[in-house]
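Going in written order, the chains are labelled A, B, C, D and E, and every chain counts its residues from 1.
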């Protein structure tokens, strides 16, 4: 509750940040970057699901199309990465404005299905449009030089760039949640009629949240394109939309770090179990089932409940 | 000539659309039932449809039980399995946000599909059309395999039966009420957990039955259901949540629309349903036959 | 005055919502065929008591004996089948059912309830609005519906949580008559009421609840002498 | 610290996991074992992973392997998108990739690289080979069912080229979404076109379902024939001979071709529950052993030098007789035109093909002179 | 269109039909500025529907609505609230996952402005806490400040609802059965509160508790089957035999 973080949370954050700074020397950086991109994606998604109560089943369109635009700008137009990324984000935000404007008129499962429908149409566009190159995608995108002089070809440089973007975005998303705007958003999620009767034009709040979420999903997509140097159909497929839902749920809806943790978990499964071959999806499914049954409020949610229990137990004693 | 297509060809295509609609109907009915009940999109639905087809193949291969036996046995076995899933896994989540059910069923679907894939590979197994239903009729507009006609008949009668069961008995009221307020319905003396388990089993059995019907047409293959869920769920939503009749009618109607698209703009055949859904939901917020709350 | 046999006996009932302990050893009896009220300020645990009886509160312990049967471990559908029915204060009308479906939803558990005819003649309003979606009814109409639907079930013990809330004075009077009539037919009623003037005329005995405990019991014939005490409990 | 490390990156859970997948890993392992597990005293290690047919996963794994885990060569790479993604990384890192699974031509044209090899087949060979044979049997008018993605389009284009060059005609085509399960509508369109041949420019389950349903709708009985432009033996296995009999197809390998292939297939089958190897899996064996041979002779694992060596020495194993690698990375070897046997002709499981003709490598594959690969000196 | 300035709200021939059922029919209602006006009538008479029409939660089938001489017949509900006409709900509407404090603060925030500021910290909202406490005190809820609204008992939710509505400091307040479900003690408290705040506001309320109505209201309109049956002071209305028959019933004790 509230915007104030306890000492413990701050300390934990600081430790995490330190860990993130030295991580590329311990773990393969590209894996870390992939994790960060998806963590950002899930966090952006969580802004909508966790704090506005809107389950979008079409976020892949923002993620994927931002990646396409970044790839196209970087590869075909040869612009610097910062512009290519900005291009991706703006595309996602514009797409968010357009689809959100229509979708927020619906709630619950209907909202989910309208967003899914739009995403499927965008998927169709991605298959048919020449610039996306069908199922080959746009490959071999140059990583380029940031601002013209920072060479992102270096994995380590790129890592710190991605980390910076991630931390800044997460900070910002958290700020949105814990802002006057975020407070109203939570109220609307709880009881829309009541919020209207208090004089809030709820659709504008939802739309703004939707666009912000889309823009940051786009940012995540653009960063992913930057890291892997490709943009592909897989990013626009409904599986991606579903995956981000799963990541968020896995980590815990409506918590700051939950979606990021969920994202890292899913990416790690894909990464570390890739060599288990065909068993990957079975293991992944098993982990999902296991997590739901064990961590019933998402990993972070449940952990923090346990911790709370511990502290309050100590406090009472 | 309509849309530059000879009337003959058009009729043939529409007929095929109707047949596909029959599959959608069986699947969407079960899905709608389960969604109405638990408020979750049952992501295992596609996997259990596949399991139904596999059950048919398994009893044929290992027990020598043919199509007719499978038609009964497969839905029974899969329905029972579904009931176990509900009792031991899903039922633990009812106090949480409905979304966690999605995570669980999605995970289960991965496990089930993965398991079959490990055991039987992905290329699929041949399953013959039963002797009694081989051959076809020449309808003039097209050659209609008898088996496809049979599918339509089975599907239509199962749909009708289910619809009567749910809409014309109090079961429907209980189900709808239990979605809104489980505790209160139970406090009226209705064994809600039991009802949920049975209904879940029934919905899943419908999926399995569709699987058995599909086995002779498509190859029996572990991935056959994996992309189905999203389309079928779209059908349910277009029909209007909570409306069994809506799900049935929409299934057949969308089969037709899809058939027409396959003729006029085949590339868009798998997208058209979503286009219809987007437009429809923006115009009619609760789908074709749904009630606005 | 000879005591009727006890139909419901609650002893040392405790209930929790998560970490908050709401009922602290609440005990009281309801004799067969009486109208009994629970009185108390907002938030003292009256509703929770009713929900415990119906088995709708997850964390409960103590003893609830109904006609000699222990209810504390039972699932709520089994409890209902023994002949108890509950009308919740927030009414619990189902929005996905229309008025008629709402009315017919609770299954009849015992013979001897009111017939549909009788119910509709008591609440003609429900007949007029029969096809309307349940939650589209006005607040008072929903209240009538919530009461009406449990009258059909034939349950011997009716738990009514603030049944007069939101009803027009004429209807309140009518509800009073219905409850009195039910008592005459041998039903037992446990009533939670804020409208003391209404409760006063109907009830055979009143239990006063404070902080999750029954702190006092006042019989109908002692009301006048206990007026001062009541004022201090309830501010009436 | 010297060792040789080979990665098999393939589809282990998706639609191509039967024709490649675990079998490809097994083939690679057999190649290593047959080589004695060591090259010039350096141990040979094998790793494998599932790319789920997704370009991004393939790219990520390839990058990790090449950069971080000292993998020297990656084999199989079924599906073009994955192969393409790995090709980009391999090119950048100067490492070897051995494509046995994918079929798209650009791998040896626009996307070619000095260290990238295309081993088993390509669309030119399978679609072209089959179309030529079909036309020679009198199948002059065609209608295509094409999976609506680059791979399908390419298959269709390759077949069309042959059809037109041989005086045949294309009466129409329909692009179906990928993947599809119901083909009845498309088949009806094909039927009403009156074409003698229905060309299936798709793969895997799409092909299987299309053939099954063509049978069901009596299309094959009514005088029209189906030509699968890319058919693997696992597809035939799944269809059953009753449905697939008489179909013509082009393959780079058939297990029951000669002593060598039978010997390999027997060993393979013993380890794979009796399954026979597909051309992709056999190709993986061949490409890995050739790679090891080149490492041995070049006495290094450095990509460019091994690749040069690979081009130098001819390939002679059960898979290829006198195979050679061209400048564009194409491994040229003989292909086979096969006809699916009728059930009565088959002596047992996996006895599916009659080899009608050996298509010499230079005829089967697109001439080097037509290649658009920048490495080809003109 | 002359509307006398001493009437803050005026409706003309307001009618609302639901699929062939007329819930409100031809209601012309005038509410005098700075008065407490009660709307009573049997269940289902159309009182809540009138509220919904006034606050634009429903669109009237016909008729017009004026607020402060302004035609608001076609305004959006949120806009009406911002113009200064705010309602409470008959069936409690609280933000159940927010604390009691936050519930009230969300309303205050609307008055304060800056609610689109997604880049600022919500700590600036703490300035509002004193005001929140005052409001909670006035409904006797200081003990529950940090509880989640969803966990409150029924009666407490009603009290919170009133505090939240008051937080907007509206010119015109529509209260739908504010006392329902409250204990007698709280009824007195809220009645006193309503009396106090009515000094410079207009209040239109629906209430079935006749003691409260008699005690508080300056003027009463009685609605029956969607039409105005009678209007006047409590004295006048309660002596009208039609009203007694349709609504009040035989006077008790």
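Throughout what follows, contacts are C-beta pairs under 8 Å (C-beta built on N, C-alpha and C of every residue); 3 or more make two chains touch, one makes a residue touch a chain.
On a predicted model such as this, the values are computed, not experimentally measured, just so you know.
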Any chain in contact with chain B as well as chain D: A
Pair joined by the larger number of C-beta contacts - A-E, A-D: A-E
Chain of greatest Cα-centre distance to chain A: C
Approximate Å spacing (C-alpha centroids) for the pair chain A, chain B: 32
Distance from chain C to chain A - Cα centre to Cα centre, in angstrom: 50
Distance between chain centroids, defined by C-alpha means - chain B, chain C (Å): 44
For chain C paired with chain D, centre-to-centre distance based on mean C-alpha positions, whole Å: 76
Set of chain B residues in contact with two or more other chains: 114, 117, 267-268, 271
Sequence positions of chain A contacting 2 or more other chains: 127, 278, 281
Chain pairs that touch, as defined at the top of this document: A-B, A-D, A-E, B-C, B-D, C-E
Footprint of chain D on chain A - complex, ascending: 28, 30-31, 34, 127, 133-137, 139-140, 155, 224, 228-230, 232-235, 270-271, 274-278, 280-281
Residues of chain D touching chain B in the complex: 13-19, 148, 174-177, 179-182, 184-186, 188-189, 192, 204-205, 208-209, 212-213, 216-218, 222, 234-235, 237-240, 242-243
For the chain B and chain D complex, residues of the former touching the latter: 6, 8-9, 12-13, 16-17, 19-20, 114, 117, 121-126, 129, 136, 142-143, 145, 147-148, 217-219, 221, 223-224, 227, 259, 262-263, 266-271
Residues of chain A defined as touching chain E within the complex: 1-4, 172, 175-176, 178-184, 186-187, 189-191, 193-202, 204-205, 208, 212
Sites on chain E touched by chain C in the complex: 18, 21, 40-45, 47-49, 90-92, 151-156, 159, 176-177, 180-186, 188, 208, 210, 246-250, 252-253
